[in-house]
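Scrolling down, you'll hit the structures one after another.
Shared chain: chain A. Partners: chain B in the first complex, chain C in the second.
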Partner chain A sequence: MRNIKALIMILVLGMVWAKPSFPGDTLTPEEIVRACYANFYYAGNDMKARILMKLIDKGGQERIRELTMLRKNYAEGGGQKYFIYFHQPSDVKNTTFMVYKYPDRDDDRWLFIPAINLVKRIAANDKYSSFVGSDFSYEDVSGRKIQEDSYRLLKEEELNGKSCFVIESLPKGSAEYTKRISWIDKVNYLPLREEFYDKQNELYRQFEAFEIKDINGIPTATKTVMKNVKTGHRTEVTFQSTEYNLGIGDDIFSERYLRRRPTEWIK
Partner chain B sequence: MIKRIFGFSVEHPKLIILLTLIGTCVFLWQFPKIKIDTDPKHMLPTTSPVRVYNDEVDRLFSLHADTIVLGISNKEGIINQNTLKKIALITQSVLKIKGVIAQDVLSLSTVNDVIVKEDSLEVRPLLDNIPETKSELETMKKVLYDNPMLVDRFISKDGKTTAIYIPIEPAANGKAIADLIRKIVKEVGSPEEYHLAGDPIARDTFGAQMFMQMGLFSPISGMVMCIALFFMFRNYTLVFTNMAVAMISIFWSLGLLIGMGYPVHIMSSMMPVFLMAISTDTVHIFNEFYFRFREVKDKRRAVIETMNTIAKPVFYSDLTTAVGFASLATGAIVPVKIFGLFVAFGTFVILIMSYTFVPAVLMLIKESSIQKALKREDIKQDKAQSTSWLVKLGNFSLSKRSAILKIGLILMALSIIGISQIHVNNNMVSWFKAKSEIRRSDKILNKELGGTSLAYFVLDSDKEDLIKEPSTLRYIEALQRQLEENPLVGKTTSVADYVKHINRVLHQNDPRFEVIPDSKEKIAQYLFLMEMSARPNDLNNVVDYPFKKANIWVQVKTWDAGVMRKLIQAVQKYTLNHPLPKSLKFKPAGIAYFNMVWNDEVLWGMISSFLASLVLVLGLLMFEYRSLKWGIISFIPLLATIIIIYGMVGWIGKDFDMPISVLSTLSLGMAIDFAIHFVSRFKQRYKEVPNLEEALVWTVGRPGKGIIRNAILFALGFAVMMFASLTPYITVGIFMALIMVLSSIATLIYLPALIDKFF
Partner chain C sequence: MDKVDNRRIISRRKAQSVKRKTKNLKLYALRFNFTLYVLCFALNCSSAIIFLSSNLSYAEEPFIRGFLQTNYSARITGVKLPGAKRQELMLGEERGRLDGSYYPSNACVGFDVKADLFHDWVEGDWGVTLREGYMDCLMDKFDVRIGRQIVTWGVGDLLFINDVFPKDWEALYLGRPLEYLKQGVDAGKLSLYTDLASAEFIVIPHFTPDNLPSAGRFFFFDPYPNIMNREVEKPKTTFGNTEYALRVYMSLAGADLSAYAYKGFYRDPAQRADNFTSPTTTSYFYPELAVYGASLQKNVLGGVVSAEYGYYDSMNDRNGKNPGIENSQSKFLIGYQKAFQNDMTIGLQYYGELMSQYKEYNANLPPAFYRKKELHQYITLRVTKLLKYQTVKLSLFTFYSPDEEDFFITPEASINVTDNMLLVLGTNIFVGVKDNTTFGQQHKNSNLYALARYSF
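Moving on, here comes the complex of A and B:
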């Protein structure tokens, strides 16, 4: 099953690269989003990134989160494992966090609290809740399942000099948003802007990627921001260093390393 | 000069009436531009320190100034499938209402809880899935009662009541949103009962109802006064003129206010009633005119002679009233200033009308119709055996002058004792009747849950991460226990409670771990866990971003401003006995604190402007009579009325609140008029007939009739308000009638005795 999905993805991507100038003619809106998810959430076989998150409230006060994220794909668009180690704030240093993402059921999450030397599994039935206090939800960080929304191509337009598909996603079941509009770069299929609408059908969150870098041939959004329009709170994310295809071993994603960081990967 | 004005009016009555009409049209032209502001909060400018600080606290802790509370209760207990389903359904619908701050609506179905389930921590909205089986319902109950932060907030101790907390945007109208919520719960239906409370509802409902009642009662008062006027003078034209003067002054001053771009605020919405009251001053003109006409039998001469004698007292009484109101502008409260200035303007309009419009209309009345009215009055007077009861009253005051003066002094002394017992307080919810929905809901929610009014105490420091220190949290915890000793404090919540709860949860839910941990690292990591899991705002509400400041929530079970004062004292006392490190301090904030400051500033602002106007009026009176003695004498009825009224307020133990303080300014408009009419006319008469007692009795009998007529008119007009649905109007209605009785007694009984004794 996973292999079939991977195959489809490869085919889709193949088509994308084969016909970069007129993809809209051949790709359905769903296929565009699928390609977007693949490039945004599943780039490379694995990834290591040192990430700086600035949580900035309306009054300009900041909280910092500095973390190293290890990510390994198990199937394109499907299973994934995340390992997150916090460097900052200093009083939470050594705190680690791990996510197993499954294609067909809720994620598993574990947290290690060093001050009481405790690993706890965290039941994650709220994928909409905030990721470490930021404006990103868990879902924003690890992606949504493609079949959860229905898609419509609204138009194609330029955004900051890049031509984009503008796609509207409407959730089929209950979701955090009632409507999402995404500007997806026609060339690299990364989301350049996303708007989330709430139950009152008002814009409440806005995502923007304002720096895209080519890393080992993989286009990567290295500077992004998620702004909560309603509260004035925003989260700025900078990928300070990013590497792909390092061959991160399966054993890293285990309780053992939660308690003692894998120094091989995280210094 | 004055003579020339009314001389012109007598010569060209039609022209004067036409000019008046044109002027009125110009001012009416402004009315479509009307802007209404029903928010009593706006009595304080946005730049006032309390508003600035409250806004800052709201920003620091992601709080919302205005929150509506919807209580849901079920006699069988709310933890059952049906009620829980309804709670979820109502929450969903409320989230869709415009003006509701959706992301911060808190109910069982949105608030997150951290619980332990076997080996895992579970973070989810309490009501993520509606429990179905009995055991699931039991589990839910246990979860709720295990978390002290939820009890008294999301579930009452007896399990029969829950609440949804609905923050609304600052610009949103609390009443409009409340109406939509009422519609939602009506559709969801019984057996549950629903209670809506919260400051924005009280405020906006009060504002809206105030306008409605003003719109309803101003015309009714007007009608009642019309009827009374008719029975007094038996002449439609006179009734019309009197009302026309009132309407003209209302239209002109409201038109000017609107035209100048000021919003009609709750304070200025009372202008019509005030001006209607002040305009009854014209009754003195008609009163004198009837006497004169009977004497000279010639309308033209009667009008001119009336105006000659009455011009001076009318001028001074209106001038004094105008100055009195204008001096309200010396205070700091902007809506009170505007109110004072525009009522003063309206009073000037009344003065101008008295010199122009009134004589003009008198000239147009048919002589025959006056004669008819007079004949009826004569017949009545014959029945009363030639001397009117007023003359008898005058004689009585003179013969018993010592006793009257003594009784007066005793009353004043008693009243001053009463005043010393006045209790200054303000409670907006009590402005609604005890049976009103707002007051009932508030009472029920305050009984079942932690309290609908909210105060904050903000621990302020400059040191980053200070809040993560165990000693800081312990101090906060101890202060909370101290605050909770006040029986009117229903619940306190702080970051210490969150940390304690997480500590317990992480230790197999063992109640022994419901304490502040002993290391900063633990606290920091627990808080981090909170940030990772719950809605970040839960935490933001109690600590600021750099962890320099913490916020203690104090839920209070009453809207009395006095309770907040006690809480502030309690905190001061505690910090004095348990000294805080330097540079640390607790500052009050929140709606309860705002109401306290509002109460103090608006009330004291009102009182100090009022005292200023008293002094000014006294000075003006002395100037008018070019005499210290006569100035003081004509000031006495006003002073006596006010002292006795507030003495009564003190004795019956009624809170000295906003409506009561407005009353003082009303007495300014009335009591002083009576005294001026009395003293001026007495002095005129005494010059003509230098017999002290005769002149006093004459004054009680003739201008005194005008005073009585004026008092009756006025008292009737205001008595209508006793049927209003807001208690402040009822209070004003009752006290106004009392003020009338008192100031006419002071003028007609006490003044003659006083003058007779000391002249």
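Moving on, here comes the complex of A and C:
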């Protein structure tokens, strides 16, 4: 019996990890969100993307963060390594940032400061803090653990012509939000819209994916925006180029390449 | 801090700074020439390496960036410094930086040069410094870097044990951007990479001392104020005086581990005198030093724990009887840094220096010198808070020494007005019970500083 359970687990894991997941209609709300996380945060065995972030305040003033991100998966729903290299703005060019993400404990994070050639480990339990000054938190960028919320299917409806599951996520413990409503595409299981509610049960942040492209058979959200509806500040993200399953080596995620970016991967 | 204890060499600093003023540009020129020589040599080698390695796929177009900045610091204690050129003005400069790098396509070599041009209102002169200028040779399992380069080792926050490379303490105390605390070394570095561990081996043929607070800008304690003529003798650039530094590092069970070794010289000068009790002549030199140490960094309890140890072997005074030279010491620190929600980080450190041969130190200490405790300690606190989508940064760094009963406190606010424009306002506050302790001697130097930088 245990062997059969293990076999089923392996089949389920195989379904959601390392390839796009397209579960059937009979999935529970938690399984839908699991498939969504798998497709949004774990697509491919590895990924390389050049990303342009525009941080725009309510007055329209823009700041730019242009970066290349390398990501490699090590375990379903958990272990991942990220390597981020900043191209812009000028004063942070050559700065690199590396994250080892674990399923069961805080991330390990390192930052390289080129001006003094210093690699330093940085504290990492600030998952709700802003990622590089944007409207995205660290948790938005690298994902939330599936067991941290409970889920309910509110309804099924069309959003911009696409049929979606509408799922409510309520945190079991403390979280940045008190409620999240997600519109998850029934076909590719990507989040097309998410609304985050605060303690007053008021909407304060809204995410939207408004361009989805098929890249090597993997549906990818290539243009997204996160807007803080209370401050009027928003962050527009464009994946200028994305590639999957490149065979990025383990050695890339090391102090060596923090100090000198891996030019075979990051031009 | 590596050598914040600068009481014993203060009068040396006076001489040093006078010499520095007259030789400033000459020194820059000499160091510039040295690095140019190294770079020329590197360029000659590089064409062969480019040819040999043309199948490697490194690529980057030539890239130039830089900044223009103005940086001022004014004494706020109202005390007039005798002999000061600009009285309250401790720092007043305009500075431009050009940083050019070129890592040609299909080659494993590259170059990076960072140079500053500045005008100094206190000294009333212009200067050029080559901040870094090196050639990289990047291979599969090893890299080589030759030229002027900044090397930063260790896990302390403004506390340096195994980072034996030159510092500019004056820059720190004046409120210049933190990067200026580190000076480049003219060196060759070999980095080796294996699956188990990696290593950096650095050879430094040309000695660079620390830059200490200078006469004309700073008050400091001088045990022998009446001796005016003070010679400074730097280690000559000879094969025998070559400095060697080694770091071996690896990850083990989620911890970053490093082991270090160094053989070279103290970067703060020691003192020679015909008679330390009532000298008629004194001179200064840089004694031999060896350092052996280790460090660890690991995520623990939702934060980062740092620990570091180093044994300072004072090779010219192993019996501890020479009062002009530092005794051997064990230096150690432990730190904890934790990030809180909403972009707030707090870091705490405890640091100690345990003197070897304390009995001999006590027995031989001249009356004019400050009598240190066997264990000299610091407790530091850093608080950083980011606001307004991380465009505003409020920070506080504090040193406190319980044995010397003095403080160094640096609150600072900075604003990124745009991606290119940074404004900084801060103060350096020195407080001490005695006027001959590390920070106590600087209590008249408390200052307010401001910086505006445009990056391009």
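Please note the rule applied: the second predicted complex is superposed on the first by the 242 of 267 C-alpha atoms of A that agree within 3 Å, B and C clash if a C-alpha of one lies under 4 Å from a C-alpha of the other, contacts with A are read in each partner's own complex, and residues count from 1 in each chain.
One rule holds for everything that comes next: contacts are C-beta pairs under 8 Å (C-beta built on N, C-alpha and C of every residue); 3 or more make two chains touch, one makes a residue touch a chain.
Since the model is a prediction, treat every value here as computed from it, not as a measurement.
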| item | value |
| --- | --- |
| Superposed partners chain B and chain C on chain A - clash or fit | clash |
| Contacts of A:R121 with chain B and chain C, given as first, second, both or neither | both |
| Touched partner set for A:Q147, first chain B, second chain C, both or neither | neither |
| Partner chain(s) touched by A:E264 [first = chain B, second = chain C, both, neither] | second |
| Partner chain(s) touched by A:Y204 [first = chain B, second = chain C, both, neither] | first |
| First, second, both or neither for A:D106, with chain B first and chain C second | second |
| First (chain B), second (chain C), both or neither touched by A:Q61 | both |
| First, second, both or neither for A:R256, with chain B first and chain C second | second |
| Partner chain(s) touched by A:F97 [first = chain B, second = chain C, both, neither] | first |
| Touched partner set for A:S129, first chain B, second chain C, both or neither | both |
| Shared chain A surface residues [contacts with chain B and with chain C] | 55, 57, 61, 63, 89, 91, 115-116, 118, 120-126, 129-130, 132-133, 233 |
| Touching residues (chain side chain B, partner chain A) in the complex | 59-60, 62, 92, 95-98, 100-103, 112, 117, 119-125, 128, 465, 468, 506, 519-522, 524-526, 528-529, 531-536, 539-540, 544-546 |
| Chain C-touching residues of chain A, taken from the complex the two chains share | 55, 57, 61, 63-64, 88-91, 93, 105-106, 108, 115-118, 120-126, 128-130, 132-135, 176, 233, 251, 254-256, 260, 263-264, 267 |
| Complex contact set, residues of chain C against chain A | 57-60, 65, 67, 103, 136, 138, 143, 149-152, 155, 178-179, 181-182, 191, 193, 198, 249, 254, 256, 297, 299, 302-304, 306, 337-343, 345, 386, 389-391, 416, 418-420, 422, 453, 455-456 |
| Residue numbers on chain A that touch chain B, as the complex places them | 55, 57-59, 61-63, 86, 89, 91-92, 95, 97, 111, 113-116, 118, 120-126, 129-133, 198-200, 204, 228, 230-231, 233 |
